[in-house]
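Going in written order, the chains are labelled A, B, C, D, E and F, and every chain counts its residues from 1.
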Amino acid sequence: MNEIVEFLVSAFILIGAVFALVGSIGLVRLSDFYLRLHGPTKASTLGVGGTILGSLLFFSWQERALQLQEVLIILFLFITAPVSAHMLAKAAMHRNLKRRDDTRGGPWKQ
Amino acid sequence: MEHLIIAPILIPAFAGMLLLLEVRERQHLRRLTGLLATLALIPVALGLWHQAATGEIDVYQLGDWRAPFGIVLVLDRLSALMVLLTAVLALPALIYGSRGDDRRGANFHALFQMQLMGINGAFLTGDLFNLFVFFEVLLIASYGLALHGRGPARVKGGIHYVVLNLIGSALFLVALGLAYGTTGTLNMADFAVKVNELEGNSLDLARLSGLLMWVVFGLKAALFPLYFWLPATYASATAPVAALFAIMTKVGIYAIARVYGLAFSGGALAGLGRDPLWIIALVTLGLAAVGVLGARRLGEMVAYLLVMSVGTLVAGLSWSSPEALGAMLYYLIHSTLVCGGLFLLADLVARGRGELGDRLEVGPAPIGRGLLGALFFAGAIAVVGLPPLSGFVGKVALMQAVPAPVYWLLLLGGGLIALIGLSRAGSSLFWRATGDGETHSLDGPRLAATVALLATTPALAIWGEPVLEACLAVAAQWAQPSLYIDAVLGAGGSAL
Amino acid sequence: MRRLLPFPLLSLFLWATWMLLNGFSWGHAVLGLVLSVALPLGTQPFWPNVPRLRNFPKLVRFVLVVHWDILTANVAVAILIVGPPRRYRPGFVELPLDLTDEFAITLLASTISLTPGTVSADVSEDRRTLLVHALDMDDEDAMIKQIKQRYERPLKEIFEC
Amino acid sequence: MNLSILVLLPFLGAALPPLAERFKASRTLLALSAAALPALALGLMVAPGRRVIDGETVLSSVQWLPSLGLDLAFRLDGLALLFAMLVLGIGLLIILYARYYLSADEKAGRFYAYLLLFMGAMLGVVTSDNLLLLVVFWELTSLSSFLLIGFWSHNSVARKGARMALTVTGMGGLALLAGVLLIGQVVGSYSLGEALASGDAIRASGLYPLILCLVLLGIFTKSAQFPFHFWLPHAMAAPTPVSAYLHSATMVKAGVFLLARFYPMLAGTNLWFDLVTLAGMATLIWGALAALFQNDLKGLLAYSTISHLGLITLLFGLNTELAAVAAVFHIINHATFKASLFMAAGIIDHETGTRDMRRINGLWRYMPYTAVLAMVASAAMAGVPLLNGFLSKEMFFAETLQSDRLGAMSWVLPLGATLGGVLSVAYSARFIHDVFFNGEPVNLPKFPPHEPPRYMKVPVEILVALCIAVGVFPSLTVAGLLAVAGTATLGGTLPEYHLSIWHGFNVPLLMSVIALVGGVLVYSQRRRLLQWHARLPEINANLIFERAMQALARFAGAFSGVLRNGSLQTYVAWLLAVVALVLLSQVRPHLLNGERPLLPLDGVAVLAGAMLMVAAVITAILHRHRMTAIMSISVVGLVMSLVFVRFSAPDLALTQLSVEVVTVMLLILAMYFLPVRTSPESGALRVSRDLILSVVVGGGVGVMAFAMMTSDFTSISGFFLENAKPGGGGTNVVNVILVDFRGFDTFGEITVLGIAAMGIYALLKDLELTSPRSDATGRPWARDAHPLVLVTISRPLLPLALLVSVYIFLRGHNLPGGGFIAGLITSVALLLQYVASGVGWMRYRMPGDYHPVVALGLLLAGVTGVASWFFGHPFLTSTFDHIHWPLVGDFELASAMLFDAGVFLTVVGATLLMLANLGKLSLLDDKGGNAGQIGDVGERGDA
Amino acid sequence: MEVIMALMIATLVGSGVYLTLRARTFPVILGITLLSYGVNLFVFVSGRLSVNQVPVVGMSENPSDPLPQALVLTAIVIGFAMTAFLVVLALRGEGELNNDHVDGGSDGEGG
Amino acid sequence: MLEIALPIAFGLFVLALLLNLYRLLRGPTLPDRALALDTMYINTIGLIVLYGISSDSKLYFEAAMLIALIGFVSTVAVAKYMLRGDIIE
């Protein structure tokens, strides 16, 4: 397998993996729910995105033809992920979860 | 005509589908559909019995894939007999149910048909996993039926019934996993052959598979200590459902007979679980008798009588001689039909006693006291095995075939205890009752259905010889698994 | 044509998806065509009012912009999470909306959520304000301004004008 | 003339009286209708009877259950003839008597019917030539007598008496059955003839003691022998005709009949002597004593009957031929005088309205004629010369002297016999004196009593006449019958004996004299005796029996209550305990060293596995924090699908994923109505028990799994891999198996799904649950029911998901996918619409009822299956073909895909039927005022 | 690999068993679910483990055993149907017995 | 190079999953658990895609796609439950 391709594939998947991990670290480390909510968006965007770009490249090379199938995963994810984030945020506000005291503004009553 | 074998499965299946399709609630149409489909089963079953009686075993290869790769239906005398029995039981039950009980909840008729589909499938299939599937069909339908109608008691009984059977299904899957994981096949005949080629761990695992199957079938058959759920569930179910359920325990017994007869009557795992089954069956018989005596409701009492019959039957089965199996089958037919009839009778009685229902307490005389009393008397005689009805014939046959003192003792002693219980029940229901209910106001069809089921017991006694001979013929075939195996796997299959 | 293709954008989108799924072949091109006409027709009742696409190029540009922002924002937030500890101010921002079309508003909300660092937490019942939670905002107004001109205006042009 | 018809006649006759009653026949007509067939039978018996008298044995047999050795075989020999005549003759007299005894308002029709049933059964007992058949009739006598005793069912004593009689005699009958079956085993046939012939074999066999005990148990219970005598007095609650019939001539005689019948088979051993003689002696004396102290007229007769039965039993026990003949003779005599006495008692009862001898006095003045009859009969009972009782009692005394079985103690027998004689004279004396003399009547319910109707006396007259005739001219009257009966009893040779009144002065005569004198003396001392008896503690067998029965029932109830304690946890524990037992008994360590090489471990798998296990355990631990449990269990599901991916099962992964989503929605839907968390309830004991079960079962299954994975095996799967493409037209073997090789499983599987949906619908129908107004934390629900973002995104997702479903469906046959997964994706997309936009919004866009969808799916699958019939193939035979479309290219069409389409429809229909209706639930009660206007998803039902 | 698989099965079955022994309908439902997960895996491995050998003709040199996969798929579907029924039955219990005890709040100690 | 990169990537994703699991079990609030579960779904996609590369097979694509398409539904359901209790109304 061609070095450059292999390098690119490796690079993409590693980047993806790293961002996925960082997102999850955020999920653990950040101090209130609203902050943690920002973690997964990384996993869902760059994390998965990177990995999929890698896989795209990989299979396109393997089969010597452009393989765009996996793009759909990103697409679907981009459609659905914000919804869960939004709904969870609403739920959190409804439950009126405690937030970092230095948070500006405040949630809306549900 | 070779498709006739699958008719007992497809007729109710399609009937059920049509019933689902019927959106506008035209009750009469639904009843008609259900009754016609059930009625149709009787000639079909008779035809199949006629076919099987010749002694040849017919194999139906679904999807035209030959065994052991595809699923096969197998029509031998045993399966034919069971299918026939089911049909005979189902029709009166449904007639009874079509007099209003079917209105006490949704989808009664569809569920009833699906129940029949499952039962017949279980009797006919020659494939272990397919047996599991049909078990699930008949179970899920029975869940629906058991809960048909309203009432806390029914729901509670339903929860117990469902949960236990869900666990049972899980165990069945484990057993099947082991069966396939060792023999690499699912076809019963093929399994019977392959089991004998196993050794080492595989053999041990196959043994475990068999034992787990006994547990599962034991749960279905309601053997000690797995019958505790039955009285509440059956007693609280609506009468026609309880009557139909009289066959359900027999499905478990059939499964034991089938698998044991094929795979464990000889060969590497000969006699697997025989002795435990024998003991458990006797314990069941004894405890159930006690239950009969202690019952506080007629329905509960009948349920315990049913469990008694299960103990009686499985003991006879685990004696595993052709004679014993023949006698056992006669008794199976008798107990199924009579218990079914008694469940209906219990309901007829309850209807006439208002609040009191079928509780065994002194109260107003049931409607049609005289007639119902006579029916009860006959049913009681039959079920405890007093002459001149079928119960006596069955017990004598069993005692002759199974000359074991403890069995005789339990059979006769249990009979006596049941007699005491039933005489007390009858005394307080019909003799001590205040005022006398009029007969004319009984619902004709309901009464007819009940009478029809109870009338089988004198019939079984009068024509006892042909029936016994038939049962012995079934048993004789059962005792030669090679016939079945060769029929399924092609000549010499048993020698594979 | 209008009756056959109530939502051309959707149909196009579906057809593209189909082709992506199956890879190109004439057979699938035809089948995809059939489906991408049939499905929207079949599900027509499910949307009373969907805006019509006015400006396709702008849409493409918008998509690219968003992706770029996602990339950069990701890095920023990543640093914020694992990088050297520095103090940052989270907060809720109320974003007044110029968009009126519900679909467009939803797209805006999604976009905001997709770009790390901001999550759109709620839409006011009168559809006039969008509540956004930001991970780190030193300047509230700047942020509002940025969102409005970077996302909202393009969307307005794409769908409403 | 076939004997079976003879036996059948009374049974047929039983049908007539009820019919007659139906047509409002007069009482006389009723009686006639009842008497008709028995009379006919009696007439028909004359011919064969003659042949029997001439020493012939008339046999006849019809096959019934040859494979059980149970045939309708009958024999008429001397013994049978004698009893048959008693049964029919006395039976007829009873009918005549009952005609007057029964009051107008009583259901005479039913009474006669029962009576004739009993008569038939009795006739069967005495004439059956097949041991099993004999048992059949034997039990029938118990059953019919149960009905007769309980005829006055409004009377508690009658009910209890009937049940007691049934229980005791029923038990005896079962014992007899066992004994008979054993005899059958020894003899190798149930034919009475053969059995009688092989008496030596039976006595020789090791089973003899057991057989004897079982048979005697049957006999003693039936004949009310000590200690089974207690039921008989309580059977007196029956109408007097019944007592007169059952308890003098017939039923109780069935026992002694059997002694006679089986005499050649079982008698002649010391065991026989000891058991039978002892029981007989005990009964003789005990019965006589008890009779003496009765105040109830019928009670006296009942106990005297017991005593006389004891006498007869004793005679049979003596093992001498002469004794046996004497026994038979006494059977005849007792039948005659006792029946007449019962009828007399009945008359008195009938005329005075009471049976209490303390109130009945001096009736001589009011009904002298009846008095004479009664006095003669009781004299016969007492054994006064010139009456039949004297003759047999004489023989009895003589025989007791002959026996030397007891060696030095042999004198006990004659002594006991004499004592019995004394007592029987005493109570006979009482019957005469206390009733007909002894001062004036004490406030009788009916006063003054008169002679009964003319024809009510006739039966009594006939019987009394017989007593005298036999007593005076024995050789002219009874001799012939006795001879043949005796011969039959002994099975051939008849001993030397002559029936005459005068044998000269001898010991038996002395004993008779002692008996007469002593009896009179004893009676003269009656006051002291009665006082003495009054001081004895009163024991009421009826009460004891009833108490015992109730206690038994209560115990039984409690006992089965312990087992069936109504706790599901206990039942489940039982089930799992059985499983654990099986596993513990079979799972052995050597299972762990399988021959198959292991796959190499890798970190990812280990960690994923660990994740699954943690999640599973956490679910078990946190199950009371229910939402958390739902979260963690979905983690388990997620990792499951990863496992399937890892181990080459993409189809399963897809299925698992989509099912997971639906399941979670289901659980959350339910959580709306269920408590969110519960407080700990289990005691440490139960928890530890459950933990043990979990560890054993889980561990056992794990070990089995490991053993299975590490053992080699050969499977049928090669066939599927080879034939999937050529035979099934698909490359995704799993899918081809599902829709083709094992399509029948799938057919069943979708049926299950459909049924589940129906069942769930039925369960939800008009189920009322109150929607909580606030969540667990007491916070009222959010206002926004349909969040904008969710709604707007969910809508384009529908066509998208449908597109994906089509894709998954179409490729299924060749690549991972298929109808089921496609169906679930579609369902999820639709359910998402329900979640986002609500039921009210959906009902205008979706079918009102999902039942037909399910039905169509199943039908499609089913019809596809049936279609193959028309090509001459079995159900579900699939076919496929490649068709070439211009420009489009090759398309494969497989009938299996139609079947799969059926699967798809069923899944969609079923899933929506379940969840949409579940969602609809809370519409039933008004939340946010959106009830009413929002209708129903799948409204239908049989109601 | 077989070891870890066996451990997973054991854990699933074990926790399932424990939950089915509880006194409330909800944990019992969870228990049945876990139990069936474990059992499904058990049936699945009756075809032995193999990695990246998807049983699609021409995609792998020695494909894994397809039959258990088909069986498990059937089992999953049936399991789903049963679970759904049990869930609704639990609601029925809540509705008619007014509590979620498996014995309708009668005797029988809790879980 | 790939044979080094892949294991690392696997490791990182699994690590991420473990962190999610931790959050799921830790909570403290239900939204946190739901969020963690949602994230697990997403990371699983990555894991499956990686597995596709490492086994050079596209047969696992659908699984990943399916998660991307319907994985969020359970999260939505939970959130809706928290908001309205009744997820289908």
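By definition in this document, contacts are C-beta pairs under 8 Å (C-beta built on N, C-alpha and C of every residue); 3 or more make two chains touch, one makes a residue touch a chain.
Predicted, not measured: the structure shown is a model, and the values here were computed from it.
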Exercise for the section: Using the touch definition up top, find the fewest steps from chain E to chain F. Expected result: 1
Problem - Between C-D and B-E, the pair with more C-beta contacts - result: B-E
Problem - Remotest chain, chain B as reference, centres from CA atoms - result: C
Exercise for the section: Report the inter-chain centroid distance for chain D and chain E in whole angstrom, where each centroid is the mean of the CA atoms. Expected result: 40
Handout entry: Averaged-CA centre spacing for the pair chain B and chain A, given as whole angstrom
Key = 58
Completion exercise
CA centroids of chain A and chain C: separation to the nearest Å works out as 16
Problem - Distance from chain E to chain A - Cα centre to Cα centre, in angstrom - result: 31
Exercise for the section: Would you pick out the residues of chain F that each touch at least 2 other chains? Expected result: 10-11, 17, 30, 34, 36, 59, 65, 69, 71, 76, 78, 80, 82-83
Problem - Sequence positions of chain A contacting 2 or more other chains - result: 25, 37, 39, 67, 69, 72, 76, 79-83, 86-87, 90, 94-95, 110
Practice task
Please set out, as single numbers or ranges, the residues of chain E touching at least two other chains.
Solution key: 16, 20, 25, 28, 40, 42, 45-47, 51-52, 54, 56, 59, 67, 71, 74, 78, 81-82, 85, 89-90, 92, 96, 102-103, 106
Handout entry: In contact (per the touch rule at the top): chain pairs
Key = A-C, A-D, A-F, B-D, B-E, C-D, D-E, D-F, E-F
Completion exercise
Given the complex, residues on chain E that touch chain F span 51-52, 54, 56, 59
Handout entry: Touching residues on chain C, where the partner in the complex is chain A
Key = 17, 20-21, 23, 70-71, 74, 77-78, 81-82, 89-94, 109-122, 124, 131, 133, 135, 137, 140
Handout entry: chain A contact footprint on chain F (complex, rising order)
Key = 1-2, 4-6, 8-13, 15-17, 19-20, 22-23, 29-32, 34-36, 38-39, 42-43, 45-46, 49-50, 52-53, 56, 58, 61, 64-65, 68-69, 71-72, 75-76, 78-80, 82-83
Exercise for the section: In the complex, go through chain C and note every residue touching chain D. Expected result: 10, 13-14, 17-18, 21-22, 25-27, 30-31, 35-36, 39-40, 42-43, 45-47, 102-103, 105-106, 109-110, 120, 123, 125, 127
Handout entry: Contact set on chain D toward chain B in their complex
Key = 63-68, 70, 132, 135-137, 139-140, 143, 146, 150, 153-154, 156, 159, 163, 166-167, 170-171, 173-175, 177-178, 181, 184-185, 549, 552-561, 563-564, 566, 568, 570-572, 574-579, 582-583, 586-588, 590-591, 594, 701, 704, 707-708, 710-711, 713-717, 719-720, 723, 727, 740-745, 748-749, 751-752, 754-756, 758-759, 761-763, 765, 849, 851-852, 854-856, 858-859, 862, 866, 868-869, 873-878, 940-943
